[in-house]
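Since the structure comes first, as structure tokens, the remarks are kept for the end.
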Amino acid sequence: MTVKVGINGYGTIGKRAAWAVSKQDDMEIVGVTKTRPSYEAKQAVAEGFPLYGACLEDVGEFDKAGYKCAGTLDDLLKKVDIVIDTTPGGIGAQYKAKYEVAGVKAIFQGGEEHGIAGISFNALANYHESWGARFVRVVSCNTTGLVRTLFPIDKEFGVERVIASLIRRGADPSDRRGSPLNSIEPSLKLPTHHGPDVQTIMPWLPIQTMAVVTPTTLMHVHCIAVDLKRKVTEEEVMNVWKKAPRVRLVSGKDGIKGTGQVMELARDMGRARGDMMEIVVWRDGTKVMDNHLYYYQAVHQESDVVPEIVDCVRAMCKMEQDPAISIAKTDKAIGLAK
Amino acid sequence: MTVKVGINGYGTIGKRAAWAVSKQDDMEIVGVTKTRPSYEAKQAVAEGFPLYGACLEDVGEFDKAGYKCAGTLDDLLKKVDIVIDTTPGGIGAQYKAKYEVAGVKAIFQGGEEHGIAGISFNALANYHESWGARFVRVVSCNTTGLVRTLFPIDKEFGVERVIASLIRRGADPSDRRGSPLNSIEPSLKLPTHHGPDVQTIMPWLPIQTMAVVTPTTLMHVHCIAVDLKRKVTEEEVMNVWKKAPRVRLVSGKDGIKGTGQVMELARDMGRARGDMMEIVVWRDGTKVMDNHLYYYQAVHQESDVVPEIVDCVRAMCKMEQDPAISIAKTDKAIGLAK
Amino acid sequence: MTVKVGINGYGTIGKRAAWAVSKQDDMEIVGVTKTRPSYEAKQAVAEGFPLYGACLEDVGEFDKAGYKCAGTLDDLLKKVDIVIDTTPGGIGAQYKAKYEVAGVKAIFQGGEEHGIAGISFNALANYHESWGARFVRVVSCNTTGLVRTLFPIDKEFGVERVIASLIRRGADPSDRRGSPLNSIEPSLKLPTHHGPDVQTIMPWLPIQTMAVVTPTTLMHVHCIAVDLKRKVTEEEVMNVWKKAPRVRLVSGKDGIKGTGQVMELARDMGRARGDMMEIVVWRDGTKVMDNHLYYYQAVHQESDVVPEIVDCVRAMCKMEQDPAISIAKTDKAIGLAK
Amino acid sequence: MTVKVGINGYGTIGKRAAWAVSKQDDMEIVGVTKTRPSYEAKQAVAEGFPLYGACLEDVGEFDKAGYKCAGTLDDLLKKVDIVIDTTPGGIGAQYKAKYEVAGVKAIFQGGEEHGIAGISFNALANYHESWGARFVRVVSCNTTGLVRTLFPIDKEFGVERVIASLIRRGADPSDRRGSPLNSIEPSLKLPTHHGPDVQTIMPWLPIQTMAVVTPTTLMHVHCIAVDLKRKVTEEEVMNVWKKAPRVRLVSGKDGIKGTGQVMELARDMGRARGDMMEIVVWRDGTKVMDNHLYYYQAVHQESDVVPEIVDCVRAMCKMEQDPAISIAKTDKAIGLAK
């Protein structure tokens, strides 16, 4: 028996989650919702995902536009074990009551507050906290990125303090709202929410974050300074990340100088949608001085949380007890295996 | 027996040509050249394409960097029937003598002058001119784009005059040399070379072109005004393009408002590298008034010439006499079939 | 006696209009309105322009923020002969009734429909149409640009037909709403409104326009193809533009290759705010073939209408009968004299 | 008697230095050099700065292009007491011998190594080190920015440690070489040169820097984390910066959210070329927690070193002993007075 999954909000994350779930052998997509007829809705149908309107009105619009619509979100919720809420930030909170009434489990995204579920998820760091849970939040792309590289470092060496500056992309590649075209905008409210958000997963970690928004679309980049509890070597650090899941080491010497080349690499590797779901760390942009570690990493905001969502389904639906096995299974099915 | 193909210059076009050739059942990639060890060279090896250095020095560099290198370009030329020269613009001319000495056929790119081969190629418009030819130039991305939509319109209705403004992308997504960040630069030399370049394929076509460069990476966009020999309707025009190969009609009503969404569509469709090899014309950006036709089209500079290159191999190596059959075969193998 | 002028909306155009009016000896700024305390409002005060809130609520907000506020728009309207409405596009129409009740003349911007006033203005082309008028619209930056170069050409040689492609900037330099970061977006509704808008000034001109939006902030660029009624030489064309007011010839040979260098030139010339109020035409980007004229021009969307607004005040308030004298007077006062 | 100053390299910094020097009453511009006729050379002449070619060949080119050229750099060096070398990074080193032979003092820019002069300059921090010196280097825009805000903080509270991430602009607004259009590129070599460069002025300061390049043109932004020797309040910190020269406090609450609005403010203030020569610190982007200080600042790469250059002339030519008086004099003359 496969777990039946619905996607509420077939957008940037939703369409990737649908794809990743459909590649697993222990879960299946029962339907996806969309509020407006569009090329993405067309493509959902082409992929074989039954299309639902968020509400009755939407269904009418789809009918008018000539799309076959299988019903409303309410109809979909009757057919699923778990819904992945990939609606825009803050909207998930409005849907929670509906999911409760329907008696389905729900995964929210990092655009929602931790309090929406009381549990925040990262497969490597705290898989078991979500075991059998009704509601869980998978943390945002940036938080996922910070946890993926910091958790194994902390486990191996102990971390005294982290200071991270996040250079955020302004908008996604197909985002029409856009962003200031020629400006760097600091996130003035300090500390930014990213540090506390990491602490929903690693509450013991002393981390301060600053952030700016820049006019690019491809990836976020993090400048990270870590004080460790002991002296280490660069080799020791590299060995930790080599073994860590969903972390990829790249090198400027190979011509990968920035996010433009990281994305090109993903395209060349034949990744679906040209996605780089791993956190990318530059070998030659990593420096260790005594117990101080400095490194750069790039985070693909469109896709890095996608494998986490799949693992989260397994934890919540009690499908696999060992996080390592779930991670390996997820990654193999979507072509991420190390 | 399959035709043996070499790629000289495994870069933006070269890697796509290698992929497209390798998907055909009547031709195969014997090797690809690269001048420097890099992530693209690594990926060539991962794809199973034997790697050659452009010269002996390169081979040494590859050896030092731990890449297995199968020899030099000279070695490769001994093994192929035809070489696809995808070296940077102007460099192909320097290699021509080498290809002549080696006795292999060669396809050059649109960055070279027409005179390098004396024949310029577009599959739909003049396939037979290259029948059995020794050297042929496949025209540039912009010229290919103009010919794909104008040739069938001219054939059906007759064209009196074309005025086209080309809004060019500044650089490719992974291009590190970049381009002015916040400037629009007109191509001051008028008429620009694009009009005469179209005339290497359609010498009878009265076309004037202007061009600007803008700071984007995704696609070129053309604003095209055509005076036709007779009054037509928008429906008639659409019917021509619906039947034309490698032309895709999209609609702003579906949310495809610009090149950002066109590229997103290609990613969602599962296209290799997220490429949109067809020329994209906006239905709701096409206007007919009496015998005047105005339309916008988008050209994916990284990939639109790729299927043309495959067809060009077939024409030059006398593998298929009917261009329509070659086009259909090429497109089916790489997932473009209408 | 100087004419008393109020500015409703101290933003991109409003602050420049206030500055330009304040430089004339026959008119003065009585006050400017702003809806929110901000650095622009602070600067208005620093410039000595009395600050008014658009409504009573605004006045309260200014008080709270520690700005001295002279009253509301209603108070300001009692003190002026004419108001320059530089509110955002479409908002001017909502204010018209207020201006009527207050019995003041009003100038609207190109973001409003022609019908708001029934008269559209360009100083060179139709100054007298606004003589003594109650309400007039100064046309948009792009329309002003097209009229400035086309009107004198039409007058001298006669124009048969114009096809223009407008490459628009995505957002102004300080605009926080922004625009798609890496996309070219065609204006799908054809013909775009720019052609008909030129015809509000030159109703006899057969002009078709297409337009795209690109991710830059500095200027618009136009690619213009003109069929003239007779053969001309490039020298004849240049001589027309040399004599035309508010047209500046530049040359790629001097290093002015795009809008980035045009703006740098304006800064180097010591222009207020680094503005280039003239329409910039490239000498070496102008080509004449028989009776066909092709040229590129750049339009500084933040400032080109500003001198027109000043002249419009003079026409509406019957201050100067000869447009040439008004133009010369305006330009001398703000440093544009040829 | 005024000190006679030459500018070698009338580009981004050179033209501003010429302007700033010409505004002082104790120094004057004797001439400026340029290697190519261009709009900037034209403007130098328009400003009344005698134009020299870098070499005889240049003079010939200027003659051909119709510019009046007063001679070569060698001729200019005979007439000056001090030359400000504003040639591109690394080129200054090649000119040093020429300056030595000519027996003139010389100021180099931050693009040169500290070793070129052995003394690096910041007016506030180490004015006296350059007293009477033959050769001095004014540090780069980023280093100047870091020293301007950190030196007074260190003096007042004592600094234990600084970690700074520099988000650099990709290219200047009129730079035609450009930069990657849609990529964030980390400076892989760690620690970046910025920390050691600060230490050429403040050798005792424990500072580590990381840096990325982003596709914008306006300003750099720094994310700075400082450990202080004692607990402080935000008010104490603000009071330090309020008194510090060439530091400007701005606020997001006033609508200044990013570098786009900072530059707009400079334009609105009527600054020459729209320059913001002060380092801009966000009040509401500054956070103090115990002895930890976090803040964002923006650095106008085109202009922030300009007043430093003027002060450096005074120190080297022993014109004024008190740095505070020199700073005040410089700033008053160019409109920076607090």
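So that you can tell them apart, the chains are marked A, B, C and D in the order they are listed, and the count of residues begins at 1 in each.
Simple rule for what comes next: a residue touches a chain if its C-beta (ideal position, glycine included) is under 8 Å from a C-beta of that chain, and two chains touch if they have at least 3 such contacts.
Just so it is clear, the structure is predicted and the values come from calculations on it, not from any experiment.
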Candidate from B-C, C-D or B-D with the same interface as A-B, over half of contact pairs in common: C-D
Going by the touch criterion at the top, tell me which pair is linked by more C-beta contacts: A-C or C-D. C-D
Mean-CA-position distance for chain C and chain A (Å): 47
Distance-wise, how many Å sit between the C-alpha centres of chain A and chain D, to the nearest whole number? 42
For the pair chain C and chain D, the C-alpha centroid-to-centroid distance in angstrom is 35
Which positions in chain C are in touch with at least two other chains? 173-176, 180-183, 215-218, 257-258, 260-261
Topology of the chain contact graph, where touching chains are joined (line, ring, star, complete, other): complete
Chain D partner contacts - residues on chain B that touch it in the complex: 170-171, 173-183, 215-217
What residues on chain C touch chain B, complex-wise? 163, 165, 167, 169, 180, 182-186, 188-191, 208, 210-221, 223, 225, 252, 257-261, 282, 284-287, 292, 294, 296, 298
Flag every residue of chain A that touches chain B in the complex, lowest number first. 15, 36-40, 42-43, 46, 173-176, 181-182, 218, 250, 254-258, 260-261, 263-265, 267-270, 272-274
